[in-house]
Amino acid sequence: MKAFLRDLRILWRGDASGDRVVPPSGYTVRLTIFSAAAMGFLAVMALALALSAGRLADDWGGALARSATLRIDGPLDTMQERTEAALRVLEQTPGVASAQALTEEEQRALLEPWFGPDLQLESLPIPQLIEIEKTPEGFDAEGLRLRLEGEVPGAMLDDHESWRKPFLAAARALRWLGWGAMVLIGATMAAIVTLAASVSLAANAQVISVLRLIGARDDYIARAFIRRFTFRTLTGAAVGTGLGLIASALLPDAPMSFLTGIGFANLDWLVPFAIPPLAALVAFAATRRAAFRTLRGLS
Amino acid sequence: MKAFLRDLRILWRGDASGDRVVPPSGYTVRLTIFSAAAMGFLAVMALALALSAGRLADDWGGALARSATLRIDGPLDTMQERTEAALRVLEQTPGVASAQALTEEEQRALLEPWFGPDLQLESLPIPQLIEIEKTPEGFDAEGLRLRLEGEVPGAMLDDHESWRKPFLAAARALRWLGWGAMVLIGATMAAIVTLAASVSLAANAQVISVLRLIGARDDYIARAFIRRFTFRTLTGAAVGTGLGLIASALLPDAPMSFLTGIGFANLDWLVPFAIPPLAALVAFAATRRAAFRTLRGLS
Amino acid sequence: MLVIALDNVAYSYGGGELLAGVTLELAPGSFHFLTGPSGAGKTTLLKMCFGELVPTSGRVELFGQRLPGMTRDALAGARRRIGLVPQDARFLDHLTVAENISLPLTVAGQDMRAQKANLDELLAWVGLTHRAKATPPELSGGERQRAALARAVILSPDVILADEPTGNVDWEMSQRLLRLLVELNRMGKSVLVASHDLALIRAAKTQTQVRVLRISNRRLQFAGADL
Amino acid sequence: MLVIALDNVAYSYGGGELLAGVTLELAPGSFHFLTGPSGAGKTTLLKMCFGELVPTSGRVELFGQRLPGMTRDALAGARRRIGLVPQDARFLDHLTVAENISLPLTVAGQDMRAQKANLDELLAWVGLTHRAKATPPELSGGERQRAALARAVILSPDVILADEPTGNVDWEMSQRLLRLLVELNRMGKSVLVASHDLALIRAAKTQTQVRVLRISNRRLQFAGADL
């Protein structure tokens, strides 16, 4: 355990002498840390948006898409018979997981907003509703419609397509927006870190020429820069992600069936923790490229 | 017109000799332009989110809040009388802009999803619905409820509060998210431009000392940097905003009553055009501060 | 009137006192050499004359104005009347040698074309005509020094302060540069040259009336005739 | 075996040829001076010996290895065996003078404490003991040159290439620095000094066996006894 910690510390501190030869260049430090933090924060926000929109799309694309409603109209006395006929048809239809006629209570609850709680359903010629759940594969709505037309008069199939679609499109647009912003933020961070590293290398052209003069190898020089920028980015991104998580926990919650609230739900909370290491990785790669390119350029 | 163009050109080019003395520092140029562009793009996205959410919140907070529904239950023969009594009460209630009993067609349209198109309303004991529009001040829901209880048996007032609230909260959260991101993006851009200017000034410490050696005044030196960074930011932000506008025009549209689609509607399209000048202003102020601080520091 | 006056000046970089009780008066048309061992404070003294360093005690006057009371703009104006050749001259590396040499004209807002003949003559004098289109990093050590001297005198300043202007050039070239300084001195300009090159000083003495100052033991003294 | 060999080398910065047909062989224990007017190509020649510039034609060998065939790491290794004193020495400004002088030890991964006595002796020799804790920007011109010389010799390299190492120091100090170089030369190190200081070269001739090279007309020649 002690040896492990020591090794970790050496990795963190790296080669102390190598770190000392690169000056503690004030502005590029702040530039890197700040932009990593800002990008981390924005990434958390975008991630929250993308994941919430994803959940939304799942709900509308999933739960709603896997259900349908069958309405049976007709005179009161034929209702029982028609309902049974419809249920039989549905039983035989591939892709229907279950079909259930709504009970009187359920129908009354649905109608309550319009009729009030005292409605006597038995005396009314209101249609019977059947809730259908699809299997994951779904059924052939057109075929079912044709068959019902022939066998069950007054049956109307509503597979929620028409009013589900725009919701779904909106959720998917939001999700796109979220992930698009994520990608853009990642690219921005990579670019800013690359540029900050390049600026730092360019500003340290004298340091590099001094080190070469005394016979330092290029990777000795490059390592000092790479290590520094990687850790700066990690630090900045961690701070930004932390602030982002706090902010997204503070976001007003709107727990609704169709808008599950913006923010992270359940295990989603773990996803943002990938941001700092990813940012550090991006910084590592970006600085490495910048360092070796600059070193070759200064030859 | 010609004179105007010439003046504009002079403003743009500024003092050519002053511009020449500052070297065309490659990396900080790219850094500034790129981050301004990225921030401009993200700002458009955030603005789109904020404005759509704002419209949403307006819809739910406005149109819905300004309407209410009154439902009148009872035996068929009393319906006409009770409806008229209710309308009379509503007419006398301060805060009610208009009240209208729904016609048969309207009621049938509402009920169609459940009863199908062939419903004969006259024969049914379904309640009568009255649409109320509030004045901007609104009415006292409790007082009206009490009065109706006394004068119109079977009257139920629904002012949409209960189901409007969570929608409104969600829209407001989204709007917060959008504007919060806007502010953060603005701050990030200011910080990055400040830092880029500082890096550039620090990297040009030799230029500054040479210029001082030959008797150049500080504001001569500062102006060259300020002008450069302001125009770079303007350029970058304009490019980013342009790309952002294109992207947001390409966003899938979801034209729905409660989700008016993400993106800009009508005159909202003009708002993002304020981003580049605002960014340039931020850059101007940030560079000015950085330049004079650095110049004093180098004394 | 004196162009530059130091009155009982002391200077310290934070540790012990480097210079103390230094009094120096540069009149128009005077020619001074400043000598002393490495690290004695020659460059420090020149920087005070240029208003770059402010003495720890005593007073400095540039063209009759007291230094600590001057605004930044007034100081910039005074500096345009002083041509400084720094020991380690710096240039704008993105401009050509010719542009660097005429930079003081640019900054002072003077018309470049009117000064073209002037520039060409100066370039020829310091032997940089063939390098006029090069950039400063492409110059050799001696060429840099000569470019710095040319830049210092192009505005025809009232005073020329030169810090080891011949440290990196051969004997013939240093004689050439000396003749330039003597020429300018004859036009009424005040010249102060820090140098450890005794042969150069001896040569100067044969050409014009020169006073030799030496920093020793923190004080400024006139060197004897033995030099 | 030769430490550095230039065989029929030519160099051009893009314009006309600056150097042509240059042949130079530095054997261990040799002491050369390199002279020539400003802009003749002394610094250019030294940079070729250091592997910083690759000749336009001809061959350069460092410690028996041909230069264009060397890897970057091999070149870095060879450079650790060469002590270069550049004409315009640069340092790491965030480190102290002592740290800068011992930087080659750090980069070569040597134990600093073991070399402490070495460093102190060297600091005393170049007269920088009292400035050891200063940073390079706080040094005077001559102090910088001395620090650069100390840095060049601390790794006890096989060759010392010095470009105008006494351009900014007074006569006594330049004699001191010369004695250091002569001492190192007696230890078997090969020394090449570019300088226009004829008095210094004459003084060196009295102390050890010195060969004087002169660049004139693009060619490298041995200077006559008249020097």
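The letters A, B, C and D name the chains in turn, as written, and every chain counts its residues from 1.
Basically, a residue touches a chain if its C-beta (ideal position, glycine included) is under 8 Å from a C-beta of that chain, and two chains touch if they have at least 3 such contacts.
The chain lineup, named per UniProt: A, B = Cell division transport system permease protein; C, D = Cell division transport system ATP-binding protein.
Remember, predicted model here, so these are calculated numbers, not experimental data.
Student: Could you name all chains that are in contact with subunit A and with subunit B at the same time?
Tutor: The common neighbours do not exist; no chain touches both.
Student: Please identify the chain with the largest separation between its CA centroid and the CA centroid of subunit A.
Tutor: The chain farthest from subunit A, judged by C-alpha centres, is C.
Student: How many angstrom lie between the CA centroids of subunit A and subunit D, rounded to a whole number?
Tutor: Each chain reduced to its C-alpha mean, subunit A and subunit D end up 63 Å apart.
Student: Using mean CA coordinates as chain centres, what's the subunit C-subunit D distance in Å?
Tutor: Taking the mean C-alpha position of each chain, the two centres sit 29 Å apart.
Student: Express in whole angstrom the distance between the two chain centres, defined as the mean CA positions of subunit A and subunit C.
Tutor: 68
Student: Chain contact topology under the given definition, line, ring, star, complete or other?
Tutor: Here the contact pattern is a ring, one closed loop where every chain has two partners.
Student: Going by the touch rule stated at the top, which chains touch which?
Tutor: Every touching chain pair, ordered by label, is A-B, A-D, B-C, C-D.
Student: Show me the residue ranges of subunit C that touch subunit B in the complex, using the header's touch definition.
Tutor: Per the touch definition, subunit C meets subunit B at residues 72-73, 76-80, 82, 84, 86, 90-95, 103-104, 106-109, 151, 155.
Student: Subunit C touches which residues of subunit B in the complex?
Tutor: 17, 20-21, 23-24, 206-207, 209-218, 220
Student: Given the complex with subunit D, which residues does subunit C contribute to the contact?
Tutor: 13, 35-39, 42-43, 87-88, 127, 131, 138, 140-144, 146, 163-164, 167-173, 196, 198-199
Student: Under the stated contact criterion, what part of subunit B meets subunit A in this complex?
Tutor: On the subunit B side, the touching residues are 26-28, 30-31, 34-35, 38, 41-42, 45, 48-49, 71, 73, 110-111, 113-116, 118-120, 124-127, 129, 154, 156, 158, 166-167, 169-170, 172-174, 176-177, 180-181, 184-185, 187-188, 191-192, 195-196, 198-199, 202-203, 247, 251-256, 259, 261-262.
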